[in-house]
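In the two assemblies presented below, subunit A is common to both, partnered first by subunit B and then by subunit C.
Entry: the complex of A and B
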């Protein structure tokens, strides 16, 4: 396609600007995490500075952050595993069976995407308190299923639908049991979709703040809660906050880049592909 | 398994001329596969909601637990509906939505058009991939980062202002500045969402139609208006509904950035309900607010489902 050089150049400038816009806050966080406190408080802010890994050493030594990251890992991995375990059979049923109330069930799963955590946070707090579950991993693992299960069900249903039904018919003619069909045909062939949904589930759980803030105290503080807890006092430890932020954001960013092609599908529950 | 699977697939392909039969299954089979997920979601999703509904009809103040938690009918709802702050926060939430949404749609469309236009292949993919970064960033960290970027003394936002000859500004210290700051962070985080949706819409325009249209007209505007727009509208509708649900949910970023302040300048609805519930400990009123919010959300999601999932029904 022929276009004028000026337009071509404007296009390049625009693309560079998009890249800079998307990356700047991330860059600023990472670079700030390597700045000395004096450099952090410099006015105007410094773009060139002598990097230090002091803040990373500090959060490594301060067991609060490492413990919080372990908590976040435990919660995110367990809730993801549970969501996949419970969600994939349901997805198989929704993809392949006809039964009464199917569309209602389907919509119910999807509406969970819209519900604000604050609606559930209050009653779950009271329930957890009366059951003695406050400040445990279990309560977070369970409550995170409210948004992870729908995402797993949605993405896997979509994936299982794309598996040719003839496969199932052939297997059933050979006498395979219904569960074997699911376990030996749908799960292995649908693995890409299962993996994508698991990654989304991990990202959403890892990033969650409100439930974690309300339902945990000291013992199972997750990483976002720990990072937030540094925001008090007169002179804020900016280097430490930004180092913690970097440690939190880096793994999910990598995961998100892996599923970047499916990002929109994950965020819209598949309404747009 | 996969070799076996392929063999099965080939066999099935040979047998294909037969019409696609519906799979036979036992009456209880779906239940067997669905029950675990449904029971779990009922227990952790629906049960607390019913609990909230019941709580919303009681006087339930944790600071006055000794008085018990008697049923008071619609008293909480009456109090909430006549509470000026509740309406103010809803209005503020609406204002926030009406501020960020046009910016995100306009910028998102612009970015999508740039990413769709041929040329500069590598830079184009780099820009597209970079859009994923804001979407993945932990919302709480976005707020912490906003605190640093918009700091009055050493924030980089004021440095940008000074490059254009403006005086430094106490962003988070005054109401309109704090509102602008949360708008900017939200625009940063969610414009990529709009851009990627628009981009997928643009890539659905059949290539030959787009090529033919380009031969007909040199005007980008005409192309957009007459050829591409129909493919962008479904995405736009999805954006509007999902983003309004997201704004009603918005908590993390604002909580870590301004805690709703200064005063109540950035107190959106979720922040307010959290304050009433967990800082004032009036759980009855907070539950009533949450139920009202839930009703609103259910309306939104019915709308979304009606528009986008018609083919399943």
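Entry: the complex of A and C
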């Protein structure tokens, strides 16, 4: 049998290993963004180097990146807002009302996520083209909505179901209309679920690359597209790519930190009463 | 016309009929209690009065108007739920004022009425707290506060005391009775606890399996139960039942025979007797009407089992020769040896008789 300290050490070592494995790419991105091209391409890799912020200065000067970040913000914020706005009433209905076709609708929401995005990329491209929506914010917002709505609906339905029905009945008896019940009871009490789904929605829209690449050109490039666009041509400006990557990660990290309290409560929801 | 009238109410869930042609009325200012074992449909009935449950058949009238299909919000009824159903994210003040805010009552009016309700319920110092910061009893008061602040036509209580401990329960029971007296409003109260029913009600509706067994004042139900179910349900400890047989029927009296009875017992009947000599009947004797010794005009020979002392009274468990168990409630502390022969006496005027179908004779 393994002694306790040894077991503890093994436990800790395992955790460190997993942590390092998960965090190393991130570390590599951030550290590379501060290396100059020569250090970047050095073999064996340079662990100690003189940091430079020239890549950041470069992307700051390059309007393409700032524009891309603004585009990403527009798309991600609009998608998230719309997904929450449309998804929470749907979740309320699914959680509390009985109606014909409810389980079919439920399955339909799930089935949306069964199809690999790449399968739909071409049809969506053709559709967007004939509607004249290519290279607009709207097309990305609409497409991301189809991915994010089911997530909002699932998470919030589950959250709303955990709210005791007596609260709604009490509110109804006190004269609350349907909308009051949703607005004053379900939304505030379901806030953890709403927050979690909003975070998922934002992160997905922020990071999505495939559709952004397919559906946009010059005007509405999002941040991930801008980062990959540096890979064209004869040289690979690794420092610039890495600096762009780091800048892209920041808003999501900040957003997640702000709502992390709700997120933790939301992720453990239902665990205790 | 009665203030509240339930007319031929039926409720079905799928194929199951949970409320079966129920007729109940309540006068203005009356305290009516629905009582019955769990699953008898009493809460469903209350929820239909509230409008939270659809009525399958029949009509509900409130203050002269047919409200059967009226939205809960428009019925002007308030309900106190078993789980209190307080809004956890709102302060006590906001919980109590919720209905007033929904009705767009002016702010000063809201504050005045919340303060008044808080004063009546002695929760003035709790108004800024959230429900999770309150004890069970305090939550109960807030739930009642939310109900009284709107001056509804009708108060509904759905087992409001069942989540409280015994001491708090009797305290709140007194407060609800006081509230009813002070406000003079009509209240309908659901409970499975016959003690709550007996102490609070002007009128009790005993329900079983979706049907009304009997409606009457607490004294009516205790003294003149219509059937063996009501007789057994009302009173604590439960009424003793002995299987006896009819020895003779003589006008308005029936003579019954039981092996434990020293002599045949002749009892006056409430209605013209429907039983024949030789038929089986059930003799009902309340524990508190039995005494040990030779007192009482009728006597039973019993074999003692054991005694439970409750301090002021003792409950003696004894058996008849053919194995029927009886409880005797006697004053003071009394011990009882197993197998001890005891004689129990009672006054025949306090005995009940039921026919083979369980109906009071």
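Going forward, the second predicted complex is superposed on the first by the 244 of 273 C-alpha atoms of A that agree within 3 Å, B and C clash if a C-alpha of one lies under 4 Å from a C-alpha of the other, contacts with A are read in each partner's own complex, and residues count from 1 in each chain.
Here, a residue touches a chain if its C-beta (ideal position, glycine included) is under 8 Å from a C-beta of that chain, and two chains touch if they have at least 3 such contacts.
Just so it is clear, the structure is predicted and the values come from calculations on it, not from any experiment.
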(message) Let me test your reading of the model: by the given contact rule, A:214 touches which partner, first (subunit B), second (subunit C), both or neither?
(response) first
(request) Would you sort A:48 into first (subunit B), second (subunit C), both or neither based on which partner it touches? (result) neither
(message) According to the stated criteria, A:177 is in contact with first (subunit B), second (subunit C), both, or neither; which is it?
(response) second
(message) Let me test your reading of the model: by the given contact rule, A:6 touches which partner, first (subunit B), second (subunit C), both or neither?
(response) neither
(message) Between subunit B and subunit C, whom does A:38 touch in the aligned arrangement: first, second, both, or neither?
(response) neither
(request) With the two complexes superposed on chain A, say which partner A:189 touches: subunit B (first), subunit C (second), both, or neither. (result) both
(message) Of the two partners subunit B and subunit C, which one touches more residues belonging to subunit A?
(response) B
(request) With the two complexes superposed on chain A, say which partner A:169 touches: subunit B (first), subunit C (second), both, or neither. (result) both
(request) Mind sorting out which residues of subunit A both subunit B and subunit C touch, each in its own complex? (result) 164, 166-167, 169-172, 184-185, 188-189
(message) Applying the document's contact rule, which stretches of subunit C touch subunit A when the two form their complex?
(response) 50-52, 71-73, 77-79, 81, 83, 85, 87-89, 98-99, 102-103, 146, 150
(message) Under the stated contact criterion, what part of subunit A meets subunit C in this complex?
(response) 164, 166-167, 169-177, 180, 184-185, 188-189
(request) Would you mind writing out the residues of subunit B in touch with subunit A in their complex? (result) 1-2, 5, 8-9, 11-13, 15-16, 20-23, 25-26, 29-30, 32-34, 36-38, 40-41, 44-45, 47-49, 51-52, 55, 110-111, 114-115, 117-120, 123-124, 126-127, 129-142, 144-145, 147-149, 153-156, 158-159, 162, 185, 188, 192-193, 196-197, 200-201, 214, 234-235, 238, 242, 245, 248-249, 251-252, 255-256, 270, 273-274, 277-278, 283, 286-287, 290-291, 293-294, 297-298, 300-302, 304-305, 308-309, 312-313
(message) If we count contacts the way the header does, which residues on subunit A are in touch with subunit B in the complex?
(response) 1, 3, 8, 11-12, 14-16, 18-19, 21-23, 25-26, 28-29, 32, 40-45, 85-87, 89-90, 92-94, 96-99, 103, 105-127, 142-143, 145-146, 149-150, 153, 164-172, 178, 182, 184-185, 188-189, 203, 206-210, 213-214, 224-225, 227-228, 231, 236, 238, 241-242, 245, 248-249, 252-253, 255-257, 260, 263-264, 267-268, 271-273
